[in-house]
Amino acid sequence: MFIHEVDDDIALKLLDENDGETLFQLTDNSRDYLREWLPWVDGTKTADDSKEFIRHILKMYTEQKGLTAGILFNGQLIGTAGFNTLDWSNNIGTIGYWMDQGFQGNGIMTRVVRALIDYAFQELKLNRIEIRAAFENRKSRAIPERLGFTQEGKVRQAEWLYDHYVDLVIYGMLACEWEQN
Amino acid sequence: MFIHEVDDDIALKLLDENDGETLFQLTDNSRDYLREWLPWVDGTKTADDSKEFIRHILKMYTEQKGLTAGILFNGQLIGTAGFNTLDWSNNIGTIGYWMDQGFQGNGIMTRVVRALIDYAFQELKLNRIEIRAAFENRKSRAIPERLGFTQEGKVRQAEWLYDHYVDLVIYGMLACEWEQN
Amino acid sequence: MFIHEVDDDIALKLLDENDGETLFQLTDNSRDYLREWLPWVDGTKTADDSKEFIRHILKMYTEQKGLTAGILFNGQLIGTAGFNTLDWSNNIGTIGYWMDQGFQGNGIMTRVVRALIDYAFQELKLNRIEIRAAFENRKSRAIPERLGFTQEGKVRQAEWLYDHYVDLVIYGMLACEWEQN
Amino acid sequence: MFIHEVDDDIALKLLDENDGETLFQLTDNSRDYLREWLPWVDGTKTADDSKEFIRHILKMYTEQKGLTAGILFNGQLIGTAGFNTLDWSNNIGTIGYWMDQGFQGNGIMTRVVRALIDYAFQELKLNRIEIRAAFENRKSRAIPERLGFTQEGKVRQAEWLYDHYVDLVIYGMLACEWEQN
Amino acid sequence: MFIHEVDDDIALKLLDENDGETLFQLTDNSRDYLREWLPWVDGTKTADDSKEFIRHILKMYTEQKGLTAGILFNGQLIGTAGFNTLDWSNNIGTIGYWMDQGFQGNGIMTRVVRALIDYAFQELKLNRIEIRAAFENRKSRAIPERLGFTQEGKVRQAEWLYDHYVDLVIYGMLACEWEQN
Amino acid sequence: MFIHEVDDDIALKLLDENDGETLFQLTDNSRDYLREWLPWVDGTKTADDSKEFIRHILKMYTEQKGLTAGILFNGQLIGTAGFNTLDWSNNIGTIGYWMDQGFQGNGIMTRVVRALIDYAFQELKLNRIEIRAAFENRKSRAIPERLGFTQEGKVRQAEWLYDHYVDLVIYGMLACEWEQN
């Protein structure tokens, strides 16, 4: 029911259980593409798994521990984005995102993440935003790079993907830097 | 962060803890006006009480047991409205609402409630919507009457308001009736 | 173990898990008869479901949110009756009841409900008692009518029974009225 | 509301929160007498403590872990008795009891405990009932001795009473023995 | 990871889930021997049951309600021993133990239990330690007798072992007695 | 009660509530020194706070989400060390540690951390161990550097210390690297 408008085409929607079936179809239609970089694809076997995930993110939102939303492009659900973790001791948010392959290449995700950052620094009063992406995942890394994040390090073998570890690049953006843009 | 647009002026916002202070001020500024018909005014003593209320409605939303939102008029919080209860055994939603005195008389609440009913019948697939209003509360009763609800009964002494009981009028709207409008 | 004596023949028993098998048999023996007006019959498939129901009503009793008891006629369990809800904000109790077909017509349920009302007004200090019965359910409606309740309204399509909605009649009795009998 | 009749004068009542005030008064009126053998007297400072105790025993009853009731003598609350523990792995119940000093010497408690034992062996199908009493507490020990329990041992320093330990005598009664009476 | 050294050969280990498989094998290899006196053997069907038991004892340890450890003999897990219950109202601990048949007869368990008693009286400041053993279980009874416990009673039919009840002998040791050794 | 021996002088102890007073004294005696780099010092006001912390780490240990132990030097508690987080999805452990000022400079912490790493790779089968230290905290950074960790990045303003943010250096060690030492 509730959305956060990004621009004329794009909105973030707080998913509810009624979105479970649609979210599952989105995942199921692109399994091969998604599982290259996302660890939860094989565990998403039925629409009930997607509903369980939605209940989880609603609970995280209620407890202010996370904030994950569906990405709507002209009203159609095409992925999710948001803060996987919110660390209120240190005022840090960690952004994660994924999108259906067919919508890549139009700058949609960059606009979504920019909106999340605006919200985080202006409304949530966070001080630092972090994005982690696999070293080899060029598409994912392009987002923070385009948005002016600083590459702060490369943590080795930091994520297990079904049968192998991947290295993650850490990108950071501080509130004071974002304001200067 | 998340809103549901009603029209150009009006929106429903899923409140989060950051709205607690504003919600409290809204209540605190109109205590005398609000307590004539609302039983929770005296128990709302500080902004922490408003934050606790917001946590409660977020929890209800997460569990699909209720759906209460803030009413924004040109971006300003002026009241709340939504489903106090959602009865999925019988597909019934019970709507409740209140608004700051200064914004009365512009049809705002009628538009808000109409949007809630549209959402409930179209998206939530409810079958019946109920509104209860005190017999003497003309302003509150005007909403369902304007929207074509059927007056189904008057339950006597059904609500305790600080020092006296009031009778409540029950209004009902069925999905099949709403569609015919 | 614990009972509330109504008169020489009738008693109300706080059911415990040991009553689960008997309660299930009572239900199972009259499925067709009971399911005409009771929504939970099809969901009661084994004695474990009846035990689960008993645990639920004991929990409600412990938390003072409800009070449902077994009806004993000359020591034999023939139905249940009690307060499905206890609303301590407004001092309202909602009475529900059902009984095996073979014991109908002897005024047993009227005596049971009269005892519940006496207890509610005298001991629990409630102010209002409500009974809801399906419009077409003459037997159930006869109870509040015989006891002098006021018919306060008819809420349409307020209960879902397996494959259709039924309208409910609301009856109300106030503490001040009962004392005058 | 619910009672278990012992005989014409005596009944066991499942206490509810409304009994909290009466139970507290009973305790408060006999502090010196009761604290000689009961470890919980000093911790019972207000009626809220008694209500908390009642909630606790209702919860134990709901979970079938214990069964403690109020003793009514001609309708007046004069003490409590019941099963402090119910061990369903070994089918053992442990009986505890106390009573106002003024009602001592009439065989009331013996009749109460006999009724509890009847219930435990016949309805709960327990196999063994245990009573523990302080070695020096002649009044308490008289109950199991009068009812034919076997003295099975004396466990030393097994209970702490405010400022000293006391030895406890263990009495046991088996189902097969009780039937032979 | 964490152990409590008893002497050069023997240690007590706080079991963690990684020990589940080893603990299950130990049980599974001696089913016939163990089930003569232990009631939980038949319920231990897979390594998951042993892991569940380990989670249970870790939870008890965390809440200071019990303290059960694995017995290591030269680094090999050969049984468990510890406090099944810790009663902080009366400062009593109840010791329980079992060991693989092949390691019997070397005084291992006596040394383990002596270490537990030392710890309980010196560190936990308990006042009384209790051991219960089946009347016919000579091996188990030999431990408290060798350590100077007082035999305080015999409680009849106090434990159910699959198809029959056994009598238990109660042994007690007081802090003041232990110090005099 | 339970310890993990590091060498003749040093051991790791699983703290229990009885250690709360000692742990608090250790903190209280070095407030100024500790609060330069540790964010929890000001929140540790009484021994109850230290006991609460111990209950927390025991709960984390029970749920296998963390493993924090007390450092004993010749039997005296001088600090804590362990895994603040255990990430079983990616097999990563994050090590944290602190020690009383008076024991610095003897290589104690290096030996402790080496023992933790040995345990993590050999017993817990982790794949990666991470240590984060403030950029300016030379003493803390010396530990991973001495043990051959790779410096993988510097995350800016990643920790809030009372009134300012500090940058953290990330060090990583992989299982395959540790084995080659």
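As written, the chain order gives the labels A, B, C, D, E and F, with residue 1 at the start of each chain.
Just so it is clear, contacts are C-beta pairs under 8 Å (C-beta built on N, C-alpha and C of every residue); 3 or more make two chains touch, one makes a residue touch a chain.
Note that this is a predicted model, so its numbers are computed, not measured.
Enquirer: Chain by chain, through touching neighbours only, how many steps does the shortest route from chain A to chain C take?
Expert: Minimal hop count between chain A and chain C: 2.
Enquirer: Regarding the chain D and chain E pair, does the interface count as same (over half of residue numbers shared) or different (under half shared)?
Expert: Same: when the shared numbers are divided by all numbers used, the fraction is over half.
Enquirer: Among E-F, A-F or D-E, where does the A-B interface recur, judging by over half of the contact pairs matching in residue number?
Expert: Checking each pair in E-F, A-F or D-E, only one repeats A-B, namely E-F.
Enquirer: Can you work out the whole-Å distance between the CA centroids of chain C and chain D?
Expert: Each chain's C-alpha centroid was found; their separation is 33 Å.
Enquirer: Roughly how many whole angstrom separate the Cα centroids of chain A and chain E?
Expert: Here chain A and chain E have centroids separated by 51 Å.
Enquirer: Could you give the separation in Å between the centres of chain C and chain F, each centre being the mean of its C-alpha atoms?
Expert: About 61 Å, centre to centre.
Enquirer: Could you pull out the residues of chain C that touch at least 2 other chains?
Expert: Touching at least two other chains: none.
Enquirer: Is the chain-to-chain touch network here best called a line, a ring, a star, complete, or other?
Expert: The chain contacts form a single closed ring, each chain touching exactly two others.
Enquirer: Following the ring of touching chains from chain E through chain F, in what sequence do all chains appear?
Expert: Following the touches around from chain E to chain F and onward: E, F, A, B, C, D.
Enquirer: Touching residues of chain B toward chain C in the complex: what are they?
Expert: 39, 89-92, 127-128, 130, 150, 152-160, 165, 170, 172, 174
Enquirer: What does chain F use to touch chain E in their complex?
Expert: Per the touch definition, chain F meets chain E at residues 1-5, 12-14, 16-18, 55, 58-59, 61-62, 64, 67, 69, 119, 123-124.
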